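One chain, chain A, appears in both complexes that follow, with chain B as partner in the first and chain C in the second.
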Partner chain A sequence: MRLELGKIKITDVQPGEVTKVENGTLFVNKQELIDLAMKDDRIKGVKVEFARPGESVRIAPVKDVIEPRVKVSGTGAMFPGMINKVKTVGSGRTHALVGANVITCGKIVGFQEGIIDMSGPTAKYTPFSETFNVCIVIEPVDNLETHDYEQAARLAGLKIGALVGEAGRNVEPDEVVVYETKPIAEQTAQYPNLPKVGYIHMLQSQGLLHDTFYYGVDAKQMVPTFMYPTEIMDGAITSGNCVAPCDKVTTFHHLNNPVIEDLYKRHGKDLNFIGVILTNENVFLADKERSSDMVGKFVEFLGLDGVIITEEGYGNPDTDLMMNCKKSTEAGAKVVLITDEFPGRDGKSQSLADAVPEADTLVSCGNGNVIVEFPPMDKVIGTLDYVETMIGGYEGSLRKDGSIEAEIQIIIASTIANGYNTLSAKMY
Partner chain B sequence: MTNIVLVTNNSVVQEKFGEKLDVNHLPQATYLETLEVVRDKIHAGHKLLTHPLSGSVKPNDTPYKTIVISKAKGTLDYDGLGIIEESMASAQKFIAGRKTPQWTDKVKADFRLIDFTIISTAINSMDGKFIG
Partner chain C sequence: MSKLRVVHYINNFFAGVGGEEKADIPPQARDGVVGPGLALSKALGEEAEIVGTIICGDSYFGENTKSAKEEMLKLIEMYNPDIFVAGPAFNAGRYGFACGEMATFIEEELQIPVVSAMYKENPGVDMFKRDMHIIETEISAADMRNAVPKMAKLVLKLAKGEEVGSPAEEGYHERGIRVNYFHEKRGSERGVGLLVKKMNGEECVTEYPMPVFDRVDPLPAVADITKVKVAIVTSGGIVPQGNPDRIESSSATKYGIYDISGMNDLSADDFMTVHGGYDRAFVTENPNLVVPLDVMREMEQEGVIGELANYFVTTTGTGTSVGNAKGFGEHFARKLVEDGVGAVILTST
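And now, the complex of A and B:
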């Protein structure tokens, strides 16, 4: 599968009569976005607001972040199975508005998703302080059941992401990157002397607000499967997870998976990137056994010399991580884990909820328990009402002047366990 | 499903499943005390069927926990014992880290809902399947 990704660099976002991109500025017809979201009668009201890097703006609570993209050629369309037909994506040409994001916010449950500060000392912990954000604040109809609200907000975000992405269809990209993975026999033969490396991508799959979808299929219902890495760039995987802000994999992070990006950079140079094994993180222990056994089977069948494994979440997924590590090692591969840690505020307690002897090589995405200070911001998009019950927040976190003291895990993607962040850990 | 027991301190789980399934409801138990009861059951020979740290809401971020174990007893579920012990150590770490919050009724209702939906999907997953 071969994909040309055309990157259109966005350097500003402004309101406009027509949603379009001109000389790097994304113009957004706010009403067009509102009308699209309001087609879902589960939604009572929608506000569209902009947040730009350096502004004194706080966005809370954040549900999902979606990079606007459009399929220019090749089969299928963005977010197949969710807002478009299920046809296989990942080939042809796709344009991305790089530097712009659609961010959905709104209360779903009392313990809210996290915070993005566009400036100040904590801005550096999230990539979205550096992007031009189109924030969609969604209000549900009264007494809407939680499942329905979650679904309505999720689909609104994807539809608006695709609508805004359309603005990039006929724009000449600033850069075109070509990604290609061949079918297994050809791929193995292309670089016969390079080690075969695979990426085991674990998808959050525990239930309401903890779900991920592959071509619209709930990851809880899947058994492990093989994915061409370029499929993810066209939105084959979308996020329905919004509980733990720091290591939630947003739809943006699926589209821009850093492990896939870096493996492609080295593909053909010092490794042969074979592809992606998708698996899940179910709560029923027998599901974990089944999925990790099948992951081991794939590692053996594909003849992988090495695998990188990433997870989403803490606790329950740590057991899947360790099972996948053990069985991949037994199947003959060297294994590197990438994940974040929760070793307590002093960093001295055990980082993960599970461990196996085979887990001897790990790259850390940082400690989610460290306390940080957030100064007050001039403007809040959304609400700060739920800061103290957000994960990372606590009683007394939110002060009267609007400043916040909280654990770093309250910041969107601050310790995301696929490495798309700036935190790590070193051994001395 | 007559071969499972739900150990829980979540009244919504008792309310929704109490008639159809065997629910061991511990209304006064804390999160950690609920885990301790499960640990004791595993020592007694029950098998652990769901992961105690289900959900991204960490211990001391939520007061509610539901765990499914087998109704039947057998030889010691060594793997399950490891998992519950690690989960308890993890819970103790988070509880030591900060004071347990005073959640409002609305927030507690949300936590009960999430615990209930997560365990419901796990129960659906095991329906009709081998659990021994």
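And now, the complex of A and C:
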């Protein structure tokens, strides 16, 4: 499977009569976005606001972040099984508006939506302080049931992401990157002397607002499967979860999975990237056993010499991470884990909830319990009403002047456990 | 700016009072520097001054730890210090224990920065390194000239609120504290790099060695549950409406004990959940899903269990550190035992 990804660099966002890209500026017809979202009768009102790098703007509570993309050629369309028909994606050509994002926010769904600061000392913890953001502030109809609200907000984000992505269809990209993984026999034959490497991608599937979708299938209802790496770049996987903000794998992060990106960078040089094993993080032990057994079986069947495993969330899924590590090792692969840490506010407790001796090579994406200070911002997109009950917040977190004291886990994707950021932790 | 006031703690030997035969001397204070205080004073330079030295025999401290600490606190307070330095103790075990006890006690009582120094095998290192900075020294006092400048530099940084560097940079024993920093490469790139090395059989250093957990062996099964008082303990965040003890939605620092006497079930009018790790929708409607009072009452009435404790214990499990969780458990388990509880049902979410 071969995908050409055309990257259109976006350097500003402005309101416009027509949604289009011109000389790196994304113009957005706000009304068009509002009308699209309002087609869902569960949504009472929508506001569209822009947030640019360096502005004194705080966005909260953020639900999802979607990079606008469009399929220019090849089968299927963006986010298959969610807002388009189920059809295998990942080949042909796709254009991405790199540097622009659609962000859904508004009244909280659960506890687990986070904050993005566009400037100030906490901006450095989230990649979205550096992008030009089209924020969709959603107001649900009165007394809308929580799960319906979550779904309405999620679909609105994906639809608007795809709509804005259309603006890039006929724009000449600044850069075209080609990604290709062949069927296993051919792929093995292409680089016969390089070690065969796979990526074990654990999808958040604890349920109860912790969900991820693969071609529209709720990940907790699937068994582990194999995926070509390029499928993810066309939206085969979408975020449906409200997991702790710091390690939320937003839809943006699925589209731009850093492990896939970095494995491709060394593909054909130091390793032979065979593909992605998708698995889940269900809460029942039987599910954990079944899924990790199947992961181990895939590792053996594909003859992988090495795997990287990432998780989404912390605590309960640490057990899945460790079971996958153990069984992949037993199946003959060298294993590297990527995850984040929660050793308590004093940094002195165990960082993980589970451990196996095989987990001897781990990359840390930082300590999510560190308390930081958020100065007041001139403008809030969304609302700060829920800060004290959001993950990372606590009684007294929000002060009258709009400043906040909270753990960095309240910041969207601050310690994301797939290695997207440079944040790490070391022993003092 | 006036100089920072330093109080220095040393033992009988370093004070020149005498060796083992003088290890039983009680606490005493002397103005200014004594013994190794001279080197410390030089290392502190112009910014700080040793205003007093507290001396105590190691045996005396070991045998009268509690009272010795209190006695010395009074002596130390008279000097109104900004900084407390203990040792170096090198490989002297009793002295290391005294330095660690005194330093952590003074830090807690007076809220001032403290530092000590010890050899890695001094038992004081393992006892106190998590709670304070202990400069790493060689085995004997021959290393004094190396150790003292590091102590001075570190304690001045602490006193001025400056950022303290890593153990390697500052020379202190690794404390086991996870501290954030920005790496030059992102995590995924580091991960791929480590994997390539690992597959090639090269050395690759993990960024986080696996932790050790304090596993508790379960007790034997309850012989006759029909005679036993049972309590409900939950990490599901169920609290009375309004969350009177302000238990956090995540990373809990406290737990609550709430009365259920006379209730046949948990009413949604009276109870709620503050837990931030799961979808609360169903539990908000019916708190018995997490604290199953309704079913437990039935079992109590049917005689399936001996009796139900008239309260439940609750906290939020999500993100709560192992250290806090262990502390809660050790604390409320005493109450459960005192109240004659013979079995506990733990519900998690």
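As a convention for this text, the second predicted complex is superposed on the first by the 420 of 428 C-alpha atoms of A that agree within 3 Å, B and C clash if a C-alpha of one lies under 4 Å from a C-alpha of the other, contacts with A are read in each partner's own complex, and residues count from 1 in each chain.
Everything that follows uses one rule, which is that contacts are C-beta pairs under 8 Å (C-beta built on N, C-alpha and C of every residue); 3 or more make two chains touch, one makes a residue touch a chain.
Source: prediction; values computed, not measured.
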item: Superposed partners chain B and chain C on chain A - clash or fit; value: clash
item: First (chain B), second (chain C), both or neither touched by A:D270; value: second
item: First (chain B), second (chain C), both or neither touched by A:T422; value: second
item: Chain B versus chain C as contact partner of A:T319, first or second or both or neither; value: first
item: First, second, both or neither for A:P195, with chain B first and chain C second; value: second
item: Which superposed partner A:F342 touches (first chain B, second chain C, both, neither); value: both
item: First, second, both or neither for A:K220, with chain B first and chain C second; value: first
item: Touched partner set for A:A286, first chain B, second chain C, both or neither; value: first
item: Residue contacts with chain A in the superposition, chain B compared against chain C; value: C
item: Touching partner for A:A185 - first (chain B), second (chain C), both, neither; value: neither
item: Chain A positions touched by chain B in one structure and by chain C in the second; value: 110-111, 146-147, 206-210, 244, 314-315, 342-345, 349-350, 355, 369, 389, 391, 394-395
item: Touch list for chain A against partner chain C, complex; value: 110-112, 124, 145-147, 195, 197, 206-210, 242, 244, 258-259, 261-263, 265-266, 270-271, 305-308, 314-315, 334-336, 338, 341-352, 355-357, 359-370, 389-395, 407-409, 418-428
item: Residue numbers on chain C that touch chain A, as the complex places them; value: 130, 164, 166-167, 174-192, 194-196, 198-199, 204, 206-213, 246, 248-251, 253, 274-281, 317-324
item: Complex interface listing, chain A residues touching chain B; value: 109-111, 146-147, 204, 206-210, 220, 241, 243-244, 248, 282-288, 313-316, 318-319, 342-345, 349-350, 353-355, 369, 388-389, 391, 394-395
item: Touching residues (chain side chain B, partner chain A) in the complex; value: 48-51, 53-58, 61-62, 68, 80, 83, 86-87, 89-90, 93-94, 96-99, 101-104, 106-111, 113-114, 117-122, 125-126, 129-131
